[in-house]
Amino acid sequence: MSGHYRQDGHVLCFGELLLRLSAPRGELLLQSPALHTCIGGAEANVAVSLARFGHEVAMAGVLPDNPLGHAARDALRGHGVDTRPLVFQPGRMGLYFLTPGAVQRPAEIVYDRAGSAFAQYDPTRYDWPALLRGASLLHLSGVTPALGGRAAQAALAAARAACELGVPVSFDGNYRASLWAAQGQDGAAVLAELMRHVDLAFAGQRDIALLLGRPELADVERQTQAVAAAFQAFPRLRHLACTVRVQHGVERHELSAQLHTRDASLATAARTMDGIVDRIGAGDAFAAGLLHGLRRRWPAARALEFALAAATVKHAIAGDFNLASEAQVLAADNGGLDVRR
Amino acid sequence: MSGHYRQDGHVLCFGELLLRLSAPRGELLLQSPALHTCIGGAEANVAVSLARFGHEVAMAGVLPDNPLGHAARDALRGHGVDTRPLVFQPGRMGLYFLTPGAVQRPAEIVYDRAGSAFAQYDPTRYDWPALLRGASLLHLSGVTPALGGRAAQAALAAARAACELGVPVSFDGNYRASLWAAQGQDGAAVLAELMRHVDLAFAGQRDIALLLGRPELADVERQTQAVAAAFQAFPRLRHLACTVRVQHGVERHELSAQLHTRDASLATAARTMDGIVDRIGAGDAFAAGLLHGLRRRWPAARALEFALAAATVKHAIAGDFNLASEAQVLAADNGGLDVRR
Amino acid sequence: MSGHYRQDGHVLCFGELLLRLSAPRGELLLQSPALHTCIGGAEANVAVSLARFGHEVAMAGVLPDNPLGHAARDALRGHGVDTRPLVFQPGRMGLYFLTPGAVQRPAEIVYDRAGSAFAQYDPTRYDWPALLRGASLLHLSGVTPALGGRAAQAALAAARAACELGVPVSFDGNYRASLWAAQGQDGAAVLAELMRHVDLAFAGQRDIALLLGRPELADVERQTQAVAAAFQAFPRLRHLACTVRVQHGVERHELSAQLHTRDASLATAARTMDGIVDRIGAGDAFAAGLLHGLRRRWPAARALEFALAAATVKHAIAGDFNLASEAQVLAADNGGLDVRR
Amino acid sequence: MSGHYRQDGHVLCFGELLLRLSAPRGELLLQSPALHTCIGGAEANVAVSLARFGHEVAMAGVLPDNPLGHAARDALRGHGVDTRPLVFQPGRMGLYFLTPGAVQRPAEIVYDRAGSAFAQYDPTRYDWPALLRGASLLHLSGVTPALGGRAAQAALAAARAACELGVPVSFDGNYRASLWAAQGQDGAAVLAELMRHVDLAFAGQRDIALLLGRPELADVERQTQAVAAAFQAFPRLRHLACTVRVQHGVERHELSAQLHTRDASLATAARTMDGIVDRIGAGDAFAAGLLHGLRRRWPAARALEFALAAATVKHAIAGDFNLASEAQVLAADNGGLDVRR
Amino acid sequence: MSGHYRQDGHVLCFGELLLRLSAPRGELLLQSPALHTCIGGAEANVAVSLARFGHEVAMAGVLPDNPLGHAARDALRGHGVDTRPLVFQPGRMGLYFLTPGAVQRPAEIVYDRAGSAFAQYDPTRYDWPALLRGASLLHLSGVTPALGGRAAQAALAAARAACELGVPVSFDGNYRASLWAAQGQDGAAVLAELMRHVDLAFAGQRDIALLLGRPELADVERQTQAVAAAFQAFPRLRHLACTVRVQHGVERHELSAQLHTRDASLATAARTMDGIVDRIGAGDAFAAGLLHGLRRRWPAARALEFALAAATVKHAIAGDFNLASEAQVLAADNGGLDVRR
Amino acid sequence: MSGHYRQDGHVLCFGELLLRLSAPRGELLLQSPALHTCIGGAEANVAVSLARFGHEVAMAGVLPDNPLGHAARDALRGHGVDTRPLVFQPGRMGLYFLTPGAVQRPAEIVYDRAGSAFAQYDPTRYDWPALLRGASLLHLSGVTPALGGRAAQAALAAARAACELGVPVSFDGNYRASLWAAQGQDGAAVLAELMRHVDLAFAGQRDIALLLGRPELADVERQTQAVAAAFQAFPRLRHLACTVRVQHGVERHELSAQLHTRDASLATAARTMDGIVDRIGAGDAFAAGLLHGLRRRWPAARALEFALAAATVKHAIAGDFNLASEAQVLAADNGGLDVRR
């Protein structure tokens, strides 16, 4: 199942970098006069994790030419991502404020990314053939088109250029209702157009139903039908992957994963996660884990288990990024949970 | 079941404000040279939560006229409580030192509230008719009379004045053996006298047994009998509510709730709480939640579920106060446990 | 079962003190520019816990004559350990860097203790008869001989002197493969030689198998056989104790304990630990708990339950040391898990 | 000189509240992953300080209806400001990022307040006669009109309404080139129009020169001329005050103050400030200090010394607000610099 | 001048241990929800510093038998003080809250030590002959008698016993008006009675004037007269020492020192201190420094310079204690101010 | 004076990276259980500062293949340094513990770098021609040869290779007596041999005297003679630069700078620095500043002023690195010390 992806060449990720500002654990936002910061963003999270796994990765996008934008770049290049494609412009940094959840109080995000340098950048100024030179994969997410018409145009142009240049495209749906709501765009139509250029999609059943405008496909009994419909609607699509999450409490989840091709379907057992540290970016960690396995040409089942383990490990690391190496992802599987000396 | 309480008018809470000084999680007291602080107090906790739920609330009591007392007032008024009834006097602030528990090591409190400005204030100086003007509820707790004769006298005078003025009285038993022990007062007698003025009491079976001097009523098989005995002993009483807590570990509890009237009894299912952040003030959060529902004239079952949800959310917030809004209390019930964006 | 150990006289612990440098919870090492520090060491952990339980305890060993070494001494004597036998020498402090684990990401330790002042000290300079004067117990661990030939020689000399002077020896196996690996010593042979002088050994089935060079004894079905083999191989041995740990997640374990004599075997029920704060030093806390019970001449079953409770409480305290008093160890058993006021 | 201002009635401050996010001392922005937060804003700073000095103060303006906006309101009301006039709207919170300076590295501010709920609010929706009911002073600053046409319109409408209602207006120039630059408004014209309604202006020589479009008035030798020109240009103006700052290093300044009426001029001696903690908001603290003295009908010289002392004390308090009471402002003058017990 | 004091034997310090709770630098008390803690107390500060200088020191006094009292003991014994003479009793810990000053805002202390276990201890229960066995110096301070009649009685009994046993007494006046004010004792009379037993007093001109009830002796021109009067009034007195402090700002002082005998007077040059970290305990550090020099039988001038250097170094160390070793006190004098590698 | 250095090509820095562990300001080492960390090293400090000024910079050296080594690499590449030449080996990380100074208590460093992966690396394994390909400058420091024979050999081989390839060499003396003392090498001879390959040396008068074995040249009156002797002894030398530091207190210094060629000498005025945050790395910041100016072909006086300004700014930034951009270095000179908005 894992043919088609190559190890040579680098991965190009395109998307917005965000500054996250989080309240301390167990507190509401500004309950104490302190915020923890980190850099994140759906595509950047994938970029950092792939770099930590040993891939050549470059990040394209736009940052404000101020200390916040510079710090975002520094964070990425510190983790080994090639940040030379990033452009610096006047404007503001996209932000989000996170109130971590606990017990049965869910986490809350206040987005403050409207009008960011990324969202306002003229989409015709990206030179996609140049940016994709030497790349063997382009990674996009559904967050970018949700930021507005300019960003949507840029994402679509990137996907088209990749298709023309024979570079496979991976795409994480990442449907964020609150972002689309603010834009007045027809999210499903925009995402569906993007999906026409995608080889590997990270999307669950609910995402498929939304994309295809067929709400009945979200019915848990129709999963096979939903997957089939997706493959039918998007002829370029080769892989469809997702995680399934069951939440017993804010810090206690079960996670399993699925991978579908036109011919076959794989599903893992569920892993229980207790004492979750940070759930943000787990989907991106899963995506990076699967891309790692596919690029390493591991058997699909091994790639999927690794992707799930990567997502699991992300829940144990503060911040948006999965900073674990391949060995650290495998540690629990290989040697148990006790202190490693 | 929820008639009788009004939304117009404000709630008057009367009691002592305390400065809490807590060790960091996972440490014994002064293991590190740092203490987290917050303001609390059984009645103040109710006041803040009701204010967060949108009620007009005023706080009466006495604070030392020094930076600690001023900070306590500022905390309350920051959360929207009317602090003008608070009196500032020479004297000391009531303190308590908290060592949070973990795993199977229970939390420990060292009280240091003897001789506080509140406890030493001349009870005849309170002008209850003036303080209760415009109030539609008076909230007291069993902590206040446990602070000594002066405070007990003040609480009783407040309850009597409320009865005379037709202001309903709610009362949270909050039996603290260590406080009564230091006073040489007959706790049961004092509390029983108070209960004669109470419309809504927060008291469990064990509290009833203590109040009535009938230890056999604490037997879990005699719950119905205990409730009946309470309603019989206190003819003014209309509502009797409590939570039931089962502890599997210091950070893993189950909580359910009960509400009794003379005619009917309601009980909720238990909610499991994992990864508890702060258990202090959960009973006060429950009281505020129930008062909120009753004042909003919600059906009793809805009010009780809300009160339980409020208590649950409190376990997820550091400090004595339940700072959650009505929407935040309902979040887990309405939309699940995942990150809210 | 608990005869033989005396309360009069002090306990002498001999071993290396370490400075631990830990990342914050939920972060990888140096993810943030901050490290928490504490002092630890297998034998020092036992010393501190015994002192907290009310025993006279002295610590022998070598520290660098610099601020790190002085801070290590201060930590111990702050907890009531007699640090006068500690020697200060030029050289470096043994360090270890700890990345705490979470969820299913195991904790990781990077040791940086090679070439420490302790490891390089001339073993002939210890005056064991003087150091053991007045002692009623000598406690050693398998970490010390693993630090190299000089330390191994010192540990052996200490054990021999104790035997000659009629001072019982307790010994915690503490097999650390990564330490022995760096030394080129035959660990099993060195440890077996030590075991010949030991009265009370803390060692599990796997340790026995290693010590005796009989891997088949690690088979879970042969536990009785392994215990018997140990008693046969080491005629001086009177007590053999260990904990058994089952890990459901990094912060959720079950722990039970066993105590064997030549005549009898005891085993406790398992205790579940949720929300573990710090697992390091739990074995040492167990050892100190058992020594406490034996020195207090408690019945063996009571001593073993106390030892297990002590190990459990250690999981709820940050740092290497179990700082709990006897009363705090017993708190959960005696009074439940709720806040103690 | 201090006639005209009244103690009865409250002060109404109108302006934007900001969330400040500061790097730790001695670090560049995001050098560490932590930000300290506080609430500020030129007019809110005056409001809080006046409330701390014992005045009735209310704050008008617009905040986003989200946790950041709520926290800003809570901060103000915690310090005793009446926040009922504040309006909550969809939109974003104005932010600024502060890198504190040190030695000879000046502090840097990155503003991120464009498009805030305050700046975008329809100016016709303020009901100034209602908001000014019972007020005896309106305080505005030059920051508000610099936020854009809507905010400028609102400030002007407020000033006009105050004049019509006979409420004196105080105004702090607060010229921020970077804010005006982003607006394309003619700052001088807008401010001059505002100044026509002002009784008490906080403006230095450079501000006067800008306002009047007469750059030559900034010449240090023409101070008398500049003051005279201001009184001539703005017939309503009664008081003109400013501080003069000399900076020997980022944390070592000298500060003096001036107060001018049409008849007289006062100047204080300079005060040396060493080890400055936080210079932000010192001008607002000065304004509040002078307003305090004038409202208390102190002699002008006493009011001016107090205002300077207040500005000085602000340099010793972290955050935008001068939280000191009148007694704390006077402490250094009255009793020296040593520890007060 | 330094005859009379011996190195053999230990120093006994008697007084109350306090828990200090400090706001972060640059903040008012409880401006942030965090307090730094340390242990202190006038006599304990001397004890710790002498122990750091290499003397045998024991601490007598009373502590509450709770975690705060235990932590106070642990702090002292961690620094090498013999804490076995400390008695544990029911009761409360003496506290003080510190708001550090800055720039021209002086630090403020809120004492909360009334009713402490120390102050309430029955003075007849101290067995002074036993406590003084083996001691070669008794150190007391004027804080103790200011705590009330019981403490005053205890201090006087200690001094008398020392005189009878031929143990020299050193005494630091430490006049705290706010403490005496609360007691209704005649401070001067009590202190004067104590002074009759003192060999070495730390007292400035103002203290002498107060002690002798001769306010005119505080006149700076009458210093010689004041010193002479002290020696005349107190025939046992051999040494009279003090520091002289000039404050240019809260963090910028000059400090010099004086030592008087019946025959001679010494005075040092002033040392300038910039960027003061913590001024509390500087007088105690001076006392310990002088006692160190006298016990080491250094020439008086050397002892006095060392004492001043010790006081200076204390200003560079957070907390009440001067933790510096003799070498660290001498570092600036011996090798300059640059980084020592 | 600034000919000879080129902007094209990159700068290669060679040296050891260290992990610094610092106590909080105002505390002794381990007074609190927390250490701040940063990465540093004489040559890495130069590398980071040059990268921040916009130069292409690569870092060569050896790091341990563990989380500490990886974090050191990440820090450098985060700041824009090309870390591909760094080699990862088994072994330990070089550490140093810093106790920051204050007032008149000097900072103290405890080095713990013996036996590091860098110091133990086989010097013949560096491929200097490959490492220097494309470089236009090699930067070394005197710290490297002081680490032992292997490191000294490596530094010398690097310098020789650079000479052969026509790459200019800059060299910072950085004489650390404590490091040489531990090695038993003849420091002066080793350094003098290195100096024979150097074009630009950072060395003061005292360094010259040591290098040439002529102590009399350290006499402040013989500066001209010392400079001349250096140029005579080292025929390749073109530039000799140094700073001159006068310390009035630990946080209050004056700094000036000198630059000498064979033909001319330049000296700046002194700059006063108050409230110094971190003095470590100031010499490296000076070196980077001068290299920046020379590579930009600025007039020598401008380059020297910039270098001094860079050194000054470093004192205002925590950590070893000067993270300021060119604009930030110039900020105080261009626009004054007040907040930049």
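Lettered A, B, C, D, E and F in written order, each chain numbered from 1.
Basically, a residue touches a chain if its C-beta (ideal position, glycine included) is under 8 Å from a C-beta of that chain, and two chains touch if they have at least 3 such contacts.
Worth saying up front: this structure is predicted, and the values here are computed from it rather than measured.
Contact with both subunit A and subunit E is made by B, C, D, F.
Farthest chain from subunit B (centres taken as the mean of C-alpha atoms): F. Taking the mean of C-alpha positions as each chain's centre, the chain lying farthest from the centre of subunit E is A. Per the C-alpha superposition, subunit C sits rotated 180 degrees relative to subunit F, a value rounded to a multiple of 5. The pairing of subunit B with subunit E is characterised as same-residue: of all residue numbers used at this interface, over half are used by both copies.
With centres taken as mean Cα positions, subunit E sits 45 Å from subunit D. Contacts with at least two other chains are made by residues 28, 33, 108, 274-275 of subunit E. Taken together, the touching pairs cover every possible pairing of the chains. Note for the complex: subunit D touches subunit E at residues 271-278, 309, 312-313, 315-319, 323-324, 328, 331-332, 335-341.
Those residues of subunit B lying in contact with subunit E across their complex are 19, 21, 28-30, 33-38, 66-68, 71, 92-93, 95, 97, 99, 108, 110, 112, 114-115. Contact residues of subunit E toward subunit A in the complex are 32-33. Residues 24-28, 31, 101-109, 111, 176-179, 245, 247-252, 274-275, 279-280 of subunit B touch subunit C in their complex. On subunit E, the positions that touch subunit C within their shared complex are 74-75, 77-80.
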